[in-house]
Amino acid sequence: MEKMSTDELPLTMSFSEEQETVCIFGTGDFGRSLGLKMLQCGYSVVFGSRNPQMSNLLPSGTKALSYSEAAQKSDIIILAIHREHYDFLTELTEVLSEKILVDVSNNLKINQYPESNAEYLAQLVPKARVVKAFNTISAWALQSGALDASRQVFVCGNDSKAKQRVMDIVRTLGLTPLDQGSLMAANEIENYPLQLFPMWRFPFYLSVVLCIFFFFYCVIREIVYPYVYEKKDTTFRMVISIPNRVFPILALILLALVYLPGVIAAILQLYRGTKYRRFPNWLDHWMLCRKQLGLIALGFAFLHVLYTLVIPIRYYVRWRLGNLTATQAIAKKGNPFSTSHAWMSDSYVALGILGFFLFVLLGITSLPSVSNMVNWREFRFVQSKLGYLTLILCTAHTLVYGGKRFLSPYILRWYLPSAYVIALIIPCTVLVIKFILILPCIDNTLTRIRQGWERNSKFSKSLNGKTDI
Amino acid sequence: MEKMSTDELPLTMSFSEEQETVCIFGTGDFGRSLGLKMLQCGYSVVFGSRNPQMSNLLPSGTKALSYSEAAQKSDIIILAIHREHYDFLTELTEVLSEKILVDVSNNLKINQYPESNAEYLAQLVPKARVVKAFNTISAWALQSGALDASRQVFVCGNDSKAKQRVMDIVRTLGLTPLDQGSLMAANEIENYPLQLFPMWRFPFYLSVVLCIFFFFYCVIREIVYPYVYEKKDTTFRMVISIPNRVFPILALILLALVYLPGVIAAILQLYRGTKYRRFPNWLDHWMLCRKQLGLIALGFAFLHVLYTLVIPIRYYVRWRLGNLTATQAIAKKGNPFSTSHAWMSDSYVALGILGFFLFVLLGITSLPSVSNMVNWREFRFVQSKLGYLTLILCTAHTLVYGGKRFLSPYILRWYLPSAYVIALIIPCTVLVIKFILILPCIDNTLTRIRQGWERNSKFSKSLNGKTDI
Amino acid sequence: MEKMSTDELPLTMSFSEEQETVCIFGTGDFGRSLGLKMLQCGYSVVFGSRNPQMSNLLPSGTKALSYSEAAQKSDIIILAIHREHYDFLTELTEVLSEKILVDVSNNLKINQYPESNAEYLAQLVPKARVVKAFNTISAWALQSGALDASRQVFVCGNDSKAKQRVMDIVRTLGLTPLDQGSLMAANEIENYPLQLFPMWRFPFYLSVVLCIFFFFYCVIREIVYPYVYEKKDTTFRMVISIPNRVFPILALILLALVYLPGVIAAILQLYRGTKYRRFPNWLDHWMLCRKQLGLIALGFAFLHVLYTLVIPIRYYVRWRLGNLTATQAIAKKGNPFSTSHAWMSDSYVALGILGFFLFVLLGITSLPSVSNMVNWREFRFVQSKLGYLTLILCTAHTLVYGGKRFLSPYILRWYLPSAYVIALIIPCTVLVIKFILILPCIDNTLTRIRQGWERNSKFSKSLNGKTDI
């Protein structure tokens, strides 16, 4: 009998009251939404308000009291108040002593104040146990139940007991708490919801710059040049023809830039003879945004596919082909069939399709829920093996497209080569270096370095090659 | 030493027996599958059965006893029995007293019985602690380990201790428990697995109705009209040409309907001068199914893209173009090139491609795993800013498609305008109102209202503009 | 007052020290990364090392001690050491007694050693409580914070207390622990990260074999045959034309193979008159890889769509169409329009598009995050109802494509029928059998069997049809 009771006791003790009471200071949108949600999840909720009697719109089943009355009802107080109004809390120092204060506030700008709101709160009410949480959840999401945006709730605090209590509440609400350590992390947590795709920024700006450059490059070669020499108005090419040159070029360059940092890292490790030295910062950052680079490249490839497939629908193309055929018919001349030309045209198209297909596969496996299902070896297989195959197919697609025209001096206009010739520089470089790196002699050295061996180390020798994981 | 023991005790006490024993009443598919899964996760399992000796197919390592014997082995009893057979439990009242009874049953129809199965069970065995759980998990999913459908297990119950115990079991089985509060929630939980896309119903029926309407509208204009006046049989147009008019129209209208409720809500808030009044129910419901409307619109846009890209493959199009060219060749007349026409045709296609590209982006970010990775600001940015850009591009695509034909009286047939003219009404209205709403003077008022300011409130003035979150 | 303290105690006791200390043996990549992550999540970390003084690169805030010193600092020791070096632990038997030893090691090959690393460790240090965990997480993922691959940490161990402690740590690090039971599961857990898509292997090899077969079949009919009889070099057809025959054939056959096992299972159940007998192993395995078969089929369908859409861009097609038109113009002969041909061509294309659209929908709903959002009924509706509709549309697409040519003897070359005729065998068989199975009389019997009824069972009669869930 005694065994039985101890067996059950610990996990359920916090439920020995039928309902835990939580106090929420502030009756704004977020406070009310959170209160309603807590009510639905089995908590008893009490609101603290400046004017308890005028707090309409509160969820039924809750009541509004004055701050000090409400605070006495619970040992967890959620502060749904803007930081600017925290000062009134100093009057409640006694009541709040030892209570868990949950700071849910956000700022309007990144690093708006010298210290984070939660740290400021901890200074104001030093005797309370401050926990930062819930700031990443929106009132709308709580209300609608449609938590489309993140379910992740970052939690931090100096008092582990208090933090644990808050994390249990988060879990009960159907959200996912993520412990971020001490209150020093509050600054980062408060900045998080203000961020706008920080990892995408560099890839985005890079592709915008490359886009503009190649657009004007192509405009000069294909619109200005014919206008100057032949007085032909081909401005309409800016709408589809030129974008359809720029997009594949960007897709290819960005895809190559995904694999370039890995190649550079390997060369650095070979040169240094050790993996135990940090990479330069720019390389680290580059490696962390490879996924974003790849996805932007996929976007350009997708646009390239659509722009290519509409070619036969375009008025200009129909007009040109119709004219060609009519001329041929009028001249009553047969147009002999060139098997080599058919081979070339078909191979170029087939390589592009296969490259795009693998590219889409890569994109799908980088979806969080898919990559979460595969183990590390499978993820590496897809992203590295299939990734290089994609790069090879896309580079071959561009090379075959160029075909015999590469060596012809005719393609230079104002000494400018075709844009796709420039686009091939980085991918070809990456592929050539990668090919050298997988030659057995070099690959063996690299593998040993990556397993912890060091070329100029007295330690590694003295350890008989014993390495840790 | 003492510290150590207390440090470890509480989290592990429920494991002080090597294995916890769970009892399952019923040896059907689900009972056996659940038993096997529990066995694999370290529980000891005992089955209760009407005919213990004939219970074949039980997982090895478990045994079948009579109901009362089995019930004595554990304080958790899972009832894998249909509600229709619950009545035998009344004979076991004594044995079941204080035990945790887990109701896993489902019904065949929504609201089949006046009260939920779990509440009925609680009435039958008032001394037991009834918890509703596991009804959303299928036997097949448990058996195959391939939990393709949901891993979420909704749990509810009046006794918090009992509920917590069950939630721990759910977690141990690798599933995700979601606390739904008291046993009053059992009805909703039992209805959940019987639902068939409730949020999709309205968008689906709406699009079916619109689809049928526009299909017959186009049939009258493009098949009946030419047949009546020119005796031309163009019925084959019903297969591709007319769907390819209907699909883009539906995509555009449904996309506009995604943004219309937001615009209506803003006007309502401006008119009322406060955000502290509930929207009408139809508006709330409409706002909650915006995602579904958008995804159906994306489906139509996808079909439109495919139907458009196959145009040059169609026999009819090849025949027409071939005839045109042949006629031109026979007449030995050149067909002059129109730069303005080339501009028009290319812009129209390019706008469509870009619109579709952004539309696909929107679709990808509404995948649960993707939207779960972004913070609230990023989600809003994508769904609102990119969403409006998509709407603008798609509307422009349709406007340019119409081109000069808009003003021509020639397009009226039997006083019916082209279908796309009708399709433009809602998107243009939404865009015009949105444009007015973001004019600085109106936008400022709206922002203040959304931050809690009220036009006709004595309270908001007395509070000196202090607002809660 | 007393109530209060007990209320808080149990959930927070393990936090009564400000920070829990964890010891990590081994200062390799993984050890350091894990240490850094734990530090960030609020743990105090101590490293054990062979050469404490030479352990550079350790995260700041941690220190390296000798193994025995480090082990005394904590009751949880994480072994970030290769299995080959475990033998030194025998010297530490005393210090490690009663400690929790976490084995994080992986092997290089599946089943490399007779017993798992964790079991070997448990034999070496019998007094320690060994837990297997973290082996599925990579150092790179921990470092970068970009846990692109799985967040799932499989945990197993014989001591439940120890396992629970480790699972708490896993949860604190923001990862998802999955309890796999006793240490006997360690072998499987260690093999997991070495697997390379085990469920995809059979579908992949099957499709490669089918691909090669149909490729050569088509090469014989369409390249060798014309070369032998007409001396025409049509080798260029191998690049696009023939793949574009092979891909749709594979898509259709694989899609039919997704639904064939369900049909076989139904026939088996009808024949046996009971569902309480195991299916043969091959059928079970086949049913478990239906999803993979379907996704590969979708891949082929996607390639077929792209290969079809580029048709009008191909040089060969443009040349042929141009020649046709020119010939027509030279002969000054009209080319009469055939409405029935237009109907046929358009229906065939439209059926293909709709089939592909539904196929893509099926693919999207099989994404883990999407299938996780729908309940079981919805999942079944999509995968079964929509799936059969897709199969019907795709089969009809192929049938209409064949059109009148089916019965013509002209299509036989060297007694070989067209490849698509062969492709239709399995889908048509599946559809016909399915059609028979849903005839009311058969469907009723099947439904009763699936609800537990047995044709030749004395038990089922004696139970008055009472069945468990």
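So that you can tell them apart, the chains are marked A, B and C in the order they are listed, and the count of residues begins at 1 in each.
As a convention for this text, a residue touches a chain if its C-beta (ideal position, glycine included) is under 8 Å from a C-beta of that chain, and two chains touch if they have at least 3 such contacts.
These figures come from a predicted structure and were not determined experimentally.
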Chains touching both chain A and chain C, listed by label: B
Could you check if the interface between copies chain B and chain C is built from the same residues on both sides, meaning over half shared, or from different ones? different
Taking each chain's centre as the mean of its CA atoms, how far is chain B from chain C in angstrom? 24
Would you give the residues of chain B that are in contact with at least 2 other chains, written as numbers and ranges? 9-11, 309, 312, 325-326, 329-330, 367-370, 372
Spell out the part of chain B that touches chain C in their complex, as residue ranges. 3-4, 6-12, 15, 18, 26-31, 40-42, 50-51, 54, 56-57, 80-82, 85, 104-106, 136-138, 141, 144, 146, 148-152, 172, 174, 192-197, 233, 235-236, 239-240, 243, 299, 302-303, 306-307, 309-310, 312-316, 318-319, 322-323, 325-327, 329-330, 367-370, 372
In their complex, what parts of chain C are in touch with chain B? 9-11, 13-14, 16-17, 75, 160-161, 164-165, 168, 178-182, 276, 287-288, 291, 305, 308-309, 311-312, 321, 324-326, 328-330, 332, 334-335, 337, 339, 341-347, 349-350, 353-354, 356-357, 360-361, 366-379, 381, 452, 459, 463, 466-469
